[in-house]
């Protein structure tokens, strides 16, 4: 079915705002029509979706393909990682560009190269790891010329990616002026460092030391800090990988007070608990090492609950995979285990099973948290994240009565382990269409390196609506400056 | 322009999920197309909306037209109240049917009659004020045959509308089984009664006694109670007229824990504070009397903040107007002042000014909280609440650069006072289209009694998605019943 | 050692406000001196307490001895229950008088009789289970003539002890006027009834149905309600047996806002979780049945934390024991299992081990939560609850280096089971002195029926300080009544 | 009355744990007896306290006498400041030693000299403003040899006193090992700096800019951070000058979770609001400048409420006075206005009036929050903070029926303004006795330079009880290190 014309018949078409039984007609990678009983000619490939859900392909807001980190490089590159994504119903991802020697431009060029082999669409966030006038100017270039509309700041990874409050404040101000979204990895890096030393002193060198060295209180701290500094600057904030009740409650509190804060749980935090890190097999334990760490049981359910009611808004993966050999670099010291878990392929299934099958959310909500809200936040809706006439033809067909089972043996990622190994559930992505082409059908991938396009993401997403009015309102309310005299005393 | 064909050109069409510059073409009361550059023939009336917002007409989820209450009857009936609504950009409302001598059927028939003169579309909620097998069966009839999908329970108005926890629990169960939404007026009626007596004993008989006799703590109590009982039954809950931080925080807490609770602030609670009740002129003070009472300053801003981030979901009015003569029934005793304030005409303007002009929300959010979310909750989206092909042609054109000023002198309600008298701001509804007809243009109303239709609202709205799955998941988790033996002792 | 003169030498004397190494000299049941190096004659019995803690005997604020309930009577009466108490270091308890056919006077007389055989001091709370003018007058008599300063209201036990909000409000007002402390059993009785029916319908008739029928949300609800009604009346409130995070958080919130609310966790809630109710042996499962039920794991730790910092104030037991035969009344229906667990003997040891040995509180805190705060709240400090010259000689000597182990086989209660069976820990009450007599030493009890005295408890405890000033301040702040005119309209 | 023997007759003696009518006999600066009807010889001066309260002299935990700061020196030195204190019923204070060029020893010596002229007892905290091995060793010397048991860390005053999270963590660890209490000034210094620049850019250079540049959100942030880092280290924390709801709520939350956090509101935060900073007279506005700033109305009442129930524990002043001339250094730039307000003389009266007269707390509570709890925290109870035999004779007689009025004209501080100017209320300290000498009587001071003694404060206060046990419990709970194998992959 390499035809450029495609009709999906009889399915329940689900958008975040509405669902209805309708046909979807696609031409040249674009959705042309969404309505009942579309008639087409013989040159059109027809997919029967009766009894199934036709939904926007997933968008993963948080991945690290081909990421050079902790002395090694993630084994899923822009081809293998994306292939895995497509097999799991995700048709776009947004990856984090890391500056090269502090240069944003060099970092961007490096990722442009990495992404050449892409088989699905992708966008970029950019990390900010130092601060000077050059960085500030490069941020402007990235936004105005390169299609980047978000910058990430690390409050952890002391000595490496971590930045100070002073830099964070400058970064928040710059983001605000550019209409770019500030993102944070929220853990207190100084305390994590302290916690790591403490574990080593206690003789705890295995993966369980990873969890013990950076407990949820440190994620809560940094989340609280980032939120309040963003409030002080009055700019929107996006908290990546919300892993704990501590962090979630800070977000809930800020939102209750009207602050524009986005919270992104990731699949591992939603469906796993930390117990795997205590596994006596190092290979098993090490595969769960990511930061912030997967938390004790209880955090998962609380994050699901907050996600179900919109306290948290969208689901990412932080997909960043290192194989067993790479993970074994830290065999004697958990601090050296490359951080990262898989998820780009499993996200759509696990979120369906955990959230929809459990009765916590509706199918429309599912579309919202896996696709639409991401597209809205990164300002590419309704090109992405919708089944509407004019939208890109990134579409999945999910059969709610079929089942899935996850296994490291037959997943499509290049890594040799899978943190979700053995998980099964209801709901199966039977067809994935990316850019109008069927790339996954009958459990077979048909992907082409280079077929993926870079998606430029414009600045000033909806979270920026009203920010200048709010600033003006604030200024008009402070009754300052006061005209003064000085009494004699 | 009584033409049945209408083209709105060049405006920014705003839906809750998206906004774009487009034309809107209407025929026979239905939106036929929403796209750029629609070409039409000469028989089509054309409205130029360049530089203006074209949005779904407002839906007011909470009104009491022609309400017989406290020995008198609200002066706005289904014609005058709706005319006022249309002048203010609201094109549909949902009114509360009150049973007649406990009979739901008689109540429904009574309201059918009242509504005959309607000039805009309307739906009904139904109040439940006693409990027996007949009521239970009538609830089923209302849902299955009469197009009602919500029932309201009063935790206040002791001796009149108030029901006990026992009845509330029965009601919640029945609602759940019917797929109908349970609504509560949340104040502790026993304590309100006590508070009223206390005021009279203190010699406080004026309108300020109304506020003092039923402080926010009693609204917080009843909100907490209703939410937890709904959680216990596992059925969605809608809290009407959230007037206080106390109530809002209960809703926020429940939502954070994943509970399906809807919170409806009303315009008076969002933009006023209680100070008017202390006005030395009885006429002025009495016009602010509604229940729960308008709260001290601070509650308003907190409700706005919670509304801006989706902790609260939609805005009503509790429009229920009594004129100065009626209000004067309580000249010597605030307990006899008929409860109610206006708002059906002012809601759209005041929410725009308070929420959008202040920078707290986007225009899409505005559509969501004034129209779309109401349509979704009461299960009539996208017939209502959207500017989409196929939707009813209930449309407003709002000019963000024009201004409004509210005055009792020239408002369209039949009452002689206005709690928003003198309020002004930016944003003006210049045109209202209801059922495809222009009913408000150039500050002139063109309304026809009987033009309004009753909108049946089907059961099982989106809040019910997953409820049975969640119940099943719960039952499968409790490890019960346990198979037992009895040891000898 | 039946001498009336006693010297305790060399111990660390611990009061809630201070600890120091000192001797304690006792004569005729009263502490005469507390100072280092007291010299005494040969007629004085001397106890060496070197290396041990000398502390006020425990006071259990919550017991039900010889309680007629659910068709049977608790097996520990005022002799056996008190003997058990003394063996465990508790030297006074406060029991709940239950009215007889609604008569407080008859109830009081009944309990006077039950208590004749007392071997240790005791006081009474009184339950209020209906409301009329007679009850109101009897409350006054109880306070002014009978030495009762607290009244308990049941929000659960529908059809039996449960009272309505209307009655609760009347009761709170009466308590306030008498300077008596209002206490509540906080569960929503209507919902519990509903939950019980639900379980039976599901075929869940065993003890696990007890927990499932009345989840923590219903305790949170009633606690919220009682606290807010007490706030509305502005009178202090004492919440008995705080069993859940839900209830504790309501108390914490109220206290943060300055409200005078006391929270009493009980030992079972602090150290157990609900899992025992799932035991396949009915005898084992049934022994854990009490109301509110013991909660899932997690609530225990949270209650300990709140207790450690004064969010909760003192520890009771709700000691109310029914033997296996009595519990078996409910073999086919958990609703018929007599509610109650033991604890009067175990409280002092378990609190020591759980709170002090775990490092959560200091020894002074231990005295405060097991004895002093109870004496203060019920207004008998420093006669009780202190090791001060002039105080009653109710004293324990606890050896922090010795160990305890709890067993149904050798406990002193008359019942044949023990919910703490098998629990062991550090800290052992080696000597108990009650009224100046050594009643427990070398693991032997020497108790005498009739040796215990009724302790009258005066009204207006410290929680009432300032209440009238606060009322006056409130009244002076409300700017009411407003002097009014009525404009012509 | 320079006699060394003194009898206070007939008053109500109030301690934090109890009050009773009794006489108090003093000899040579020590309380010898507290009991009814003490008989004394003619050589004993007798004070009649009938109808009055006899209470421990106040202890101010937070002062800055003779503080060299912002280029000038506070005008109240150890003589004038203490004289003012005594006139207001405060008989001891604890001042903050500031290191000299980072040297703790030099700082201590400098303050020893400043304090030579003391007319009342005093103790020292020590600030830590940098970190190296020398500082660490000096901390040990201060604790073990110099009688200091608390160290303060500034999270604000960027470029001057502020320290980083890394240093704070080191400091917390060192404090824990020494049994010394860590204190924090909690504001985010980086953000304050940013806020100050923002104000200057806006042309807001007056005192209102002080408040606007460092809003409560920044105090909340730093309080959250300090608390969580202290939790991570598991050491007690003392938050100085809690000025906002934001900070208070962080403390409340931590305490609810069992953390040992002390919150110290100061008088200015309890009884004032920020409006003074907007006064058009610079002299008036500038006198209110302190950090964290006095907050908008509403924070004061919330802090009072939290104080009344023990969420906050004791009241300080941050007394640090600069006269109008000194304040005028910042006439053109609020950043240069020396920070500080008065309070050492007014604290006891204002706390009485605000907390006791308003009905929020009992007289015993008053003693606790103004004196006893401070003595307990700094480990000098019951030498200080109690009216007990053996305690220092630091005593006040307060007449609850007399009145006070505060005026800059007749206060005893050397500064020429008073932030409480014009405040009046009930309750008057009529007599102050310090070290057994009557120093304030009939509105006259009789103070002697050099009469005050340095009070050494031992380490390991009650907050450290159980910390090692809790650490051990934690370590035994973590199931680590895990013994591992490595599977082949």
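A few remarks follow.
Order of writing sets the labels: A, B, C and D. Residues in every chain begin at 1.
The criterion applied here is as follows: a residue touches a chain if its C-beta (ideal position, glycine included) is under 8 Å from a C-beta of that chain, and two chains touch if they have at least 3 such contacts.
This one's a predicted model, so the numbers in the text were calculated from it and none came from an experiment.
Repeating the A-D interface with over half of its contact pairs identical by residue number, the matching pair from B-C, C-D or A-B is B-C. Between C-D and B-C, more C-beta contact pairs join the chains of B-C. Centroid analysis (C-alpha atoms only) places D farthest from subunit B.
If each chain is reduced to the centroid of its CA atoms, subunit B and subunit C end up 47 Å from each other.
As a whole-number value, the distance joining the C-alpha centres of subunit C and subunit D reads 37 Å.
Within subunit A, no positions touching two or more other chains are listed.
Taken pairwise by the contact criterion, the protein chains form one closed cycle in which every chain touches exactly two others. Chain contact summary for the complex, subunit C toward subunit D: residues 15-18, 248-249, 252, 255-260, 302, 304-306, 308-311, 356-365, 372, 381-382, 462, 465-473. If you check the complex, the residues on subunit A that touch subunit D are 164-166, 169, 188, 190-191, 194-195, 202-209, 212, 215, 217-218, 220-221, 224-225, 228-229, 231-232, 278-285, 324-325, 328, 331, 416-417, 475, 478-487, 489.
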